[in-house]
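We call the chains A, B, C and D, going by the order they appear; numbering starts again at 1 in every chain.
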Amino acid sequence: MTMTTTRTAAARTKVLQRQGAAVALVLMVAVSWLVFPRFGSPDNLRDLALQGSFLAVIALGMTFVIITGGIDLSVGSVYALGGVLAAWGSQHGFLVALLLPLVVCGLIGLVNGLLIARTSMAPFIVTLASLLFARGLLLVITDEGANTYQIAADSAFVELGRGTVFGFGYPIFIAAVLCVLGGVVLNRTSFGQNVFATGGAEQSAVLMGVPLAKTKIIVYTASGTLAGLAGALTAAYLQSGVTVIGVGLELDAIAVVVIGGTLLTGGMGTVLGTVIGVALIKVIQNVINQIGTLDSNYQSVVSGVFLLVVVVLQRVLRR
Amino acid sequence: MPTEPVIEVAGVTKTFAGVRALSDVDFTLHRGEVHALVGENGAGKSTLIKVLTGIHTPDSGHVRRDGRISTIYQEVNLVPLMSVSANLFLGREPRTRFGLIDRARRDADAAELLSGYGITADVRSPLGTLAVGEQQMVALARAVETDADVVIMDEPTSSLEPREVETLLDVVRKLHESGIAIIYVSHRMDELYRICDRVTVLRDGRSVHSGPLRDLPRIELVSLMLGRSVNEIEKHGTTAFGEDHHADTQPVLEARGLTSKPRVNGVDVTIRPGEVVGLAGLLGSGRTETAKAIIGALPLDGGTVLVAGTPVPRNVKAATRAGISMLAEDRKTEGIIPNLSVRENIVLAALPRLSRFGVISRSKQDRIVDTFITRLRIKVSSPEQKVAELSGGNQQKVLLARWLCTEPRILLLDEPTRGIDVGAKAEVQALIDELAREGLAVLLISSELDELLDGADRLVVLRDGAVAGELEGAELTREHVLKAIAAEVMDDADSH
Amino acid sequence: TARESQQTTTSGGPAASAAQNQSTGPGCSRSKTGYPQVDLKGAVVGFSQSEKEANPFRTAETQSIEDEAAKRGAELLYTNAQSDLNKQISDIKSLIDRGAKLLIVAPLNSDGLQPAFDAAKAKQVPVVTIDRKVTAQPCTDYLTFIGSDFVEQGKRAAQQMIKATGGTGKIAILLGASGNNVTVDRTKGFKDGIAGTPGLTVVAEQTGEFDRSKGQAVMEQLIQSNPDITAVYAENDEMGIGAVTALKAAGKQPGKDVKIVSIDGTRNAVQLLADGSYTAVVESNPRFGPLAFDTLEKFGKGEEIPQTIVISDDEYDAANASQKLANAY
Amino acid sequence: MQDNGVYVAVGVLLLFNALFTANFLTLGNFTTQLVQAAPVLIVALGMALVIGTEGVDLSVGAVMALAAAIIPLYLGAGPLVAITMALAVGLLAGAFNGFLVAKVGIQPIVATLALLVGGRGLALVIADGQLVQLHDQAFLELGTGEVAGAPISVLIAGVLALAVAALTNRTTFGRQLVAVGGNRKAATLAGLPVNRVLIGVYAITGVLAAVAGVLATSRLGASDPADMGLLMELSAITAVVVGGTPLTGGKVRVLGTVFGVVLMQLVRATLIKHNLPDSIAQMIQAAIIIAAVYVARERR
């Protein structure tokens, strides 16, 4: 008898924990739909999804990193670097444009992973350093920002960012596929189990035979690669390797992951939650725009308040 | 008689930052034997095991292993946030055709496997929601199920209760029958004599004896461990509790109708000054939760706690101020502050008393710390040593010291002798005795029945978070208690 | 011309904002684009601002657009990208979505707005870009660009510098934010401008990120290690003002011992100039409102619009500073 | 070596500059470095405490901006009133963070992220988005004045460093703080006032950030909420970690933090004085952070 009550109670809390962000999202969307007539327009929704897809790709990597108990502050810079590399590479064809950013950004992630896994340095500080490094590298490549590489409007690479199916941009599909894949890897492979174990209790994980170093290295490499990919997709979408993007993006990525219910201390989290987090933050941004002539200074106040409301709501639901 | 060695250790020395944990240790494990590894707290047992399994590399000496080793470490080493089944099968999950983890099968397998160990909890819930003892059983199941040649168990029973201990010993016997060699570490002599073939005794990091166990009188074994003469030890029995205590009539602690769903359902406990009340029950019967509810660490759905007739607000701080202290069961996650020194850990709860205007007096601190290190015989290189570096038993003593120096009126002890060696255990028990004599009210939770029977003046038996009976005076016998505790077990047995 | 005088009256100063039309390349007209006619009066005009109005330039820019919209009876929709390029793209799309028939865009960056331009093209909404030139096709992607020539601003700063120093001196450059094309252009213009004057050497160039306190901090470092610096070129006023504070703290007299030339024309800098602790300020004119709406109106009427319309930037020096102070923003 | 990485690094950098940097060994130069480091140090001291509780405070830069925005509003009533108001706002902001972390139970990074996002916006709203030139001589004295040849801001930072050192090493509060950071569950069961400690620590950090904001504003001679303290959170965290305080909590190293700040200041100064382009400068900073933390890391 007691067993059953315990179980249902546990099940109920679990549902609420999982759905905390989803509840907030549903509420937000419902209210926006009613209040702002243009919110639900297909154009707006398509744009929302597209804007969200770049962030989702980055946040996917961040989800894995955070579940291992780490953090990756370099993604914003790496994202910008990826874009510049893709634009530069597009002179040499589609493959170079796509692979160059993946390889270079993957390497930066690999170095992050190696430093974190092999020396016991804090992820926060290692990735903070590579945030600086990636920006520096970007400036070197662009001659201190003087050169912005353009991507020919008729190149196949641009199609990657601008092409659509039923009006939905390719990046949306790419992000969706990656997220589904990420979810499967996280929940249905031993690598995924290792990710959870690493973040849940590092010392125990070692004793249980989890390859800690390998897991961390893979996770940071993936995060770097995904940030690079997001950068490349953005470059394709913007048709140029813009140097000024990605500043502070790491905080957005962390915010959506955490809003999605992933524990910042590691050991627990879902890809679906992250996707919901991305949707939530993009909807909030969109709503602020829908409000129209809101003083630009108030906009950040409103964003801050929204963020607060969401995390508090989630926390309250979790109780 | 055993022949082939599966593990051979020769002249191993291991030093940690100046502390010599093992010096020139020889140790041989033969195929198919159950080998007891004993010694005082801090003698080097866990360290030797970690050398055997390759977690520590020795400074010098040789280790030769032959075959797969599977280990249950002293502190539960599983991942609390992952589900029970994920923990059980981490690294060897059942797969579907597509190479993905088959979660349904994993959960089913886990449930079936664990029922063999008497665990009926939901295998999909996070491991951390299980009681420590249940976690220990999960760890056991995990270790045993990886077809190993050697299974090492570092104090596997320290958080188990009699019924679970039996299950575990059964498992050991089965392993033994199937030819697996076992290293068994425990401070509980009964168990050792029931299942072990041979014994190796460590003292201060040296191996002082190795040989067949059965030929070795119990008292001599203890004398080997402690390095004291047999005569000296003969004075003590299995437990060191004295006579019944004389208790005042006015209860100092009254807990009425404590309810914290779903684990505690209306528990009443009263303790008078100078009285030791034992809390008995099966794993998961709600003993820890009751203690936590009393000290205000659990949100209550109902009930009140009165200290000397005055209601106590429901938070730990207020309870502490009212004179309630609690020694937590899980010292790793709820007890020690790993980064702080032994000194800082000991005085932590007593700080307000040791400071003036928020500034801590160093001399008062040192005096108290020195007193307790000597009185509890805590083995440290200096009070400034990090508490995380101490052996499990010594950490336990540090925590005990932390509570004693707050000079509480009511002491809640959840498994106070868990993982403590025979020598220290007797001391702790004697201490509890002495404290009660001085007028302290003690609530004692223990999975060792003898400890409860000898130590407590009165027993409250819990079942499913409710009081199933109270035993006093002549009723304090093994039979009575088992009957009260095990009503459910009988039911279970009937239904099988 | 008539338009010039109108421009002058709007901005209130005597010579501050005389705009000059400058045709470079073929112009653009409605017939070429095939866009529908939109009457400014009552029309919905979208304005996409790039950054917060947290500096005088942006404040004056937004104000100018808003004033002019009100004056012409147009309904203005406003968005602010908060320095986020992707947000600016969404902003522009949402402006179109909300019914804007004409767009004025202050681009966050020269590159990367292509998707927004494409969206505008698809809905046949003409886009006037202001203050920062974009790398896209005028007349197809956008109608025209109205703004300053940043390279030219740098060159004019160089001329002021040459004049003030008499052609000899050691210069420290306080660069704007890295990776920003305003920084790039103003640096290029300045260096080109002093190229013919061998007596002037650049001894240090460090970024102050367009920020006063960073400019001050960098200057404090530089004046310690190169006490013989005699001139500072700051790529915006804020960093120049920071340099003044730093130099004073180091016991130098800015404007005298060390010449300071910067770009923008904010009130605080011109005030310093009037007080004698500054050397010269090249204006970067933010008052795009009248020009932008004029352009849209002409386009509506079917007239031909030049590809680039350079707004004229004033200059402040010791001689005219107090007199023109009211014109600074 | 392990514990002394940051001191060694400072030594190496000083030596390098003494040998290869023009006019480095002058009193004026050292003063400049200290004056520039003072606000960062003040913020870093608070950050070290927060990190000691296994938390982090991303809002310090925004709180500096808030303090800056408050100053001109009350400067009319005298500098003391203005400063008091600014510090009060810092206290409020910090206590709010503490409340979110302790009572609501939100993870520190996210709790303080909300204020990082919203706080600067609020500061800009208060200031109507504008930079305000300040003319109150008494107030400006704070950032530029000297007492017995030492800059006032440096003295203030020094005194605060001593105070924080005393707080962590000598007081109940300091001990409770590291206990909460080392094992919060155990600290709770030990009857420590965990919530009070957490709220207190964030409040202290808020006040310290406001102090830094006041000093920086006075030195700048203007209230500049748009740029005041931008990215200060990262500078402060870097300095604290480089100084040997682990992000995992349970330990606070005050002297290490002081040297961490000095190290990062020297790195910046060196890069500027040698006129390296921004690109190279950023990469060298990255390398130095890694090197310093590598040496100071906790060995397994």
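Here is the rule we use: contacts are C-beta pairs under 8 Å (C-beta built on N, C-alpha and C of every residue); 3 or more make two chains touch, one makes a residue touch a chain.
A quick map from chain label to UniProt name: A, D = Monosaccharide ABC transporter membrane protein, CUT2 family; B = Ribose transport system ATP-binding protein.
Treat the numbers as computed from the prediction; the structure is a model and nothing was measured.
J.: Give the chain pair, either A-D or C-D, that is connected by more C-beta contacts.
T.: Looking at contacts between chains, A-D has the larger number.
J.: Could you grab the centroid distance between subunit C and subunit D? Build each centroid from C-alpha atoms only and quote it in angstrom.
T.: Result: the chain centres lie 35 Å from each other.
J.: Between subunit A and subunit D, what distance separates the C-alpha centroids? Give it in angstrom.
T.: 29
J.: Rounded to the nearest whole Å, what is the centre-to-centre distance of subunit A and subunit B, using the mean of the C-alpha atoms as each centre?
T.: It comes to 44 Å between the two C-alpha centres.
J.: Check each residue of subunit C and list the ones that touch at least two other chains.
T.: In subunit C, residues 52-54, 178 touch at least two other chains, as defined above.
J.: List, in ascending order, every residue of subunit D touching at least 2 other chains.
T.: In subunit D, residues 124, 129, 278-279 touch at least two other chains, as defined above.
J.: Let me know each pair of chains that touch one another.
T.: Listed in label order, the chain pairs in contact are A-B, A-C, A-D, B-D, C-D.
J.: In their shared complex, at which residues does subunit A touch subunit B?
T.: Residue list for subunit A touching subunit B: 2-3, 5-7, 9-10, 184, 187-190, 192-194, 196-197, 199-201, 203-210, 263, 267-268.
J.: Over in the complex, which subunit D residues touch subunit A? Could you list them?
T.: 58, 100, 104-107, 109-111, 113-122, 124-125, 129, 234, 237-238, 241-242, 246-248, 277-283, 285-287, 289-290, 293-294, 297-300
J.: Which bits of subunit D are touching subunit C when the two form their complex?
T.: The contact residues of subunit D facing subunit C are 21-24, 26, 28-29, 32, 35-36, 124, 129-131, 133, 144, 216, 219-222, 224-228, 230, 268-269, 272-273, 275, 278-279.
J.: Considering the complex alone, what residue numbers of subunit B touch subunit D?
T.: My answer: residues 295, 297, 316-317, 319-321, 325-326, 328, 333-340, 344, 348-349, 351-352, 355, 358-360, 402, 406.
J.: Would you pull the subunit A residues touching subunit C in the complex into a rising list?
T.: 38, 41, 43-44, 47-48, 51, 54, 138-139, 142, 144-146, 148, 150, 153, 162, 234, 237-245, 247, 285-286, 289-290, 292-293, 296-297, 299-300
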